[in-house]
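One structure, as structure tokens, below. Some questions next.
Chain IDs A, B and C follow the sequence of writing; residue 1 opens each chain.
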């Protein structure tokens, strides 16, 4: 059993940008040579999240619409009042959806469904360069 | 340290069906013979989620009511417009709640609270046969 | 590769109390002596959650405001009708946000962002003594 840690670099547009990172995670996994175990994708930051979704333009829009309704951009946030960052909504969304995802892999391949992709959501109010941590525990 | 992967099969009614799968997860864990480590429950699909809750009919209803309010069934979704699946709400709910849960176990038993059960939520708009992945890392 | 399990004890005020537990988790990690792997923080109970956030008073207030809006305290819950606990909202919040968090660590240090803390949220309607499980898998 071994632990292998990798990073993947992303350029995002912010504003609830939804990026399909499945291939980059799979490549990081292949690079470790491990066959069975778990992959963790972790966001080292407080304005993004990682989850899975059927990645197609309709759901990308639906996810943004839902988050705009649940944690709106234009309402007052104490964070913005104190720090004038203008990204209070991004922090709240990230805390609610979480920074971490774990996926099993078997014989070198993640056990994702056919219509299930790993996505990174960047909630910040500007474009960002991001580095996600990919950690693999397995044999 | 070893990795063991199992699956559990479920028949659901869809429409935010909430199923207590604690016993099936515990049985899969016992089957591995491992004593200390983590159990991961993973949903290979994009219209279901796994979490924990005190499993009793009141909270089962409350969870459905909350999800109907937060991510309603009857509003327009671009996913439905494009693919005519009618399950856009199910995809959004699954992405928000996530497909994965990790639970520690010690001396062969998960460290769940007394009133805490592992549940699978099927958000799809029809009954489904599901296969969840149970992966155990431990010694 | 080894598995080490610890607990941390907390005293909370309930009512969506947000506690920064980063240092306690880091201390539990140091206590194991492990250098690379994953840390899991698990809530053995059904009225609390664990996530990450930039821990500052503004966001603490914003998180409470968002949860009060999304899963309000004063509306009817079947759980309260059946069990008269008055904490139906706490159970629903916990199920939606989840009881578990996984964070990678490298050379003995968690890969958190600079402005990212691990927080425990106690949604219950009273002050509580809590014991969280910290499990470390690594080498």
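Here are a few things to note about the model shown:
Here is the rule we use: a contact is a pair of C-beta atoms (placed from the backbone, for glycine too) under 8 Å apart; a residue touches a chain by one contact, two chains touch by 3 or more.
The structure displayed is predicted, hence computed values, not measured ones.
Taken together, the touching pairs cover every possible pairing of the chains. Although chain A and chain B share one sequence, what matters here is the overlap of their interface residues, and that overlap falls short of half of the numbers used. A rotation of 120 degrees, rounded to the nearest 5, superposes the Cα atoms of chain B on chain C.
Distance between chain A and chain B, defined via averaged C-alpha coordinates, is recorded as 20 Å.
Counting partner chains per residue, chain A shows two or more touched chains at residues 1, 70, 96, 98, 102, 137. Interface of chain B with chain A (complex): residues 1-3, 5, 40, 42-46, 70-71, 77-83, 88, 91-92, 94-96, 98-100, 102, 133, 135, 137.
Listing the residues of chain A that touch chain B in their complex gives 1, 36-38, 51-54, 56-59, 61-63, 65-66, 70, 96-98, 101-104, 106, 111-113, 115-116, 119, 137-139.
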